[in-house]
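Labels A, B, C and D are assigned to the chains in the order they are written; within every chain, residues are numbered from 1.
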Amino acid sequence: MRAFFDMGGYAAFVWPAYAVTLAVVLLNIFWAYRALERSRTEARRRLQVQGERR
Amino acid sequence: MNWSWFHRLASPPHVYALAARLTPWFAWPAAVAIIAGLWGGLVLAPPDYQQGDGFRIIYVHAPSAWMSLMVYVTMAVSAAVGLVWRIKVAHAVAASCAPIGASFTFAALVTGALWGQPMWGTYWQWDPRLTSELVLLFLYLGYMGLRAGIEDPQRADRASAVLAVVGVVNVPIIHYSVTWWNSLHQAPSVMRLAKPAMPLAMLLPLLLMLLGFTLFFVALLLVRLRGEVLARERAASWIREVVSA
Amino acid sequence: MPAERLEVENLHLWRGEHHVLRGVNFTLARGACLEVCGANGSGKTTLLRTLCGLAYPEEGRVLWNGENVRQDLPAFHEALVYLGHEPPLKSDLTARENLHYWIGVRRQLGEAELAAALTRVGAPDWCDRLVRTLSAGQRRRVALAAVALLPLPLWLLDEPTTNLDTEGRELVGDLVREQLERGGMVVAAVHQGLPQSVRNVTRLELAA
Amino acid sequence: MSRPEGTVAQAFRAVGEPTAPGTAAGFAVSMPRAGALEAARLALLRDLQLAFRKRGQLVQPLAFFAMVTLLFPLAISPELARLRELAPGVLWVGALLGSLLALEFLFRDDAHDGTLEQYALSGQSLTALMFAKTFAHWLLTGLPLALMAPIAALSLGVATAALPGILLSVAVGTVALSLIGSIGAALTLGIKRSGALLSLLTLPLSLPVLIFGARATQLAIHGESLLAPLELLAALAVLGITLAPLASAAAVRISLE
């Protein structure tokens, strides 16, 4: 098991590379849902404003 | 061949509902493919005879690099469709693509540099592929900068669409000139991204990762698309039930 | 030559959340003038910019001689003059130079014709001074000289009488009347309305 | 006949009298049209005349180019041998930034005072007018930069034999730079402080010109034939001539919408 993490001596490069990619993947997921939520609340606000004005 | 199928793709309510329904159909297969690819790439695949286990970075670098270019082309095509046929949904797709593409371009750069270090001894060696990747990042930043700079959403859509089309025409030219420039000053670098004679045990995980990342991109796009479609829709009736749900 | 006519059907346009044009409909035949009135921000300028094809309506159509203007926009542009509420003049050029370049892009323009137009708007003594040194009224008169030099079927004028004295307003009345008499059309966005001397005017009120 | 006073609701179908008295046929007056070439010529001449009215501004790109060239010897070393090695990079970065300088105002003044609107509504090909304006920009910035490049090269210890090659490569390169830059200028029309954004949009697209241009200059300095990179540079300029005005015309229409 230790050999696996050692990556034949390249651990210092392989794991950071995977870490960065994982971070980008997770960031994208979080970012996408946050943008969707923001649009939904924005649309909800526009509906209320629309409601009041009519 | 009735065109109603295509026509429905342009109507926001259908696209919103379709995107919501399809997201899991892309998200889960993407997860499965990526996990299988990682298992194959990190555990099963034999070490490279020259770079040892260092080559395993390819399983994250190659998919990221593929994403950066594929997403840009998708963005440019949907921008062109939005510009020519004035379809708001197409502009929504283009707007959704940009942040995804830019983030994976960044990932490709970092993983590329991390892979280059053991081989070249430096993190950055102006390798033609990585240099083109860096320029692609600037194209993304320019696109997002222009979009952010223009207040009126409709004008922002159409202006950034022109930039995306101009950009996609320039991507091959930039790549050619960077490679040409690199070949002048140094012998072509030894970094073999996709080795031609890659044994199946190495190649299969790579294909799985590419498939997984592409499916992941579509899932992400569908999530962002719903938000962008909503943002472009005025207080249309269908928003009421969608938003209150 | 089919009789020119401008048909506008069900124009809708939004600026963000603001529903600026709410179903504008009208038909204009040859020799007719449409006065577009309404408070500031009621969409007068937006309507004119939509008519000439600069702005794109979300719904509705603009037809010129029965054909949607979007079919061949440049051909429609060759048949119209659009004058915005700011005279499009370069302040570092003289009135004569401005007209020479502005009108020259659209038609062959002899010196005599240019001089006649300048005289008509009362500009002969100041037409060789830089536009920078002219008053707003003088600048407006230079723009009127330009419109006079473009006898095209459709005139779209955005508040043509602003900054003008009474004599200037009469000049606008004369120009519009001549345009109508030769079978042309005019759509003018106005505050106080065109001079009474103009016949055959219909009014379109844009609610704010 | 008094004017119908009835003000009408927003959606009223207002109809004018069917035919004006006295004009049976269509529109009575015919107007001699100007050709597209004539229109482009006038657009070019107007920009040149405007520029010569404000002659002071013509010097700006040149002063900037001289400034940039001056920085490098001070920052690096007075040794001509080393400077000669850097000359291609210095000259081309200077030319690139110099032509970028004046780009922001290529369309801005015309958009502000409404003349760009008149071009879009003139019925003439907006692409031809965009090409005329970009060509005027090149005449006012690109060409002067090209004429000044040999002088800057001399200051960097370049042999006189290389000067014609430098002049030619910078002249051709700045044509492509002006055209690429015109797209960015048109796209950022509506944005107030767009200087930084304009360079972010333009520089990535100008890299091929920088690469081939610097190479051509390097070959000229070493006395070798600069034909290969020069031809690639000319190809970029031709690509720019054919495509850039189309893109900037589209961008201008969008910003006028």
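The working rule: contacts are C-beta pairs under 8 Å (C-beta built on N, C-alpha and C of every residue); 3 or more make two chains touch, one makes a residue touch a chain.
Because the structure is a prediction, the values reported are computed rather than measured.
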item	value
Centre-most chain, if every chain is reduced to its averaged C-alpha atoms	D
Two chains sharing the most contacts, counting C-beta pairs only	C-D
Farthest chain (mean CA position) relative to chain A	C
Between chain A and chain D, centroid-to-centroid distance (C-alpha), Å	41
Rounded Å distance between chain A and chain C, as computed from the means of their C-alpha atoms	53
Centroid spacing, where centroids are CA-atom means, of chain B and chain C in whole angstrom	48
Inter-chain centre distance, chain B versus chain D - centres from mean C-alpha coordinates, in Å	32
For chain C, residues that touch 2 or more chains besides their own	17, 56
Junction residues of chain B, two or more chains touched	152, 234
Set of chain D residues in contact with two or more other chains	257
Sites on chain B touched by chain A in the complex	42-43, 47, 51-54, 56-57, 60-61, 64, 99-100, 103-104, 106-107, 110-111, 114-115, 117-118, 216, 220, 223-224, 226-228, 230-231, 233-235, 239-240, 242-244
Contacting residues of chain D [partner chain C, same complex]	1, 3-23, 25-29, 31-34, 38-39, 42-43, 45-46, 49-50, 53-54, 109, 113-115, 117-125, 129, 256-257
Residue ranges of chain B in contact with chain D within the complex	83, 135, 138-139, 141-142, 145-146, 149-150, 152, 154-155, 158-159, 162-163, 165-167, 169-170, 173-174, 176-178, 180-181, 184
Touch list for chain C against partner chain D, complex	1-4, 22-34, 37, 52-56, 74-75, 77-80, 82, 84, 86-93, 97, 100-102, 104-108, 150-153, 180-185, 196, 199-207
Touching residues (chain side chain D, partner chain B) in the complex	183, 187-188, 190-191, 194, 197, 200-201, 203-205, 207-208, 211-212, 215, 232, 236, 239, 243, 247, 250-251, 254-255, 257
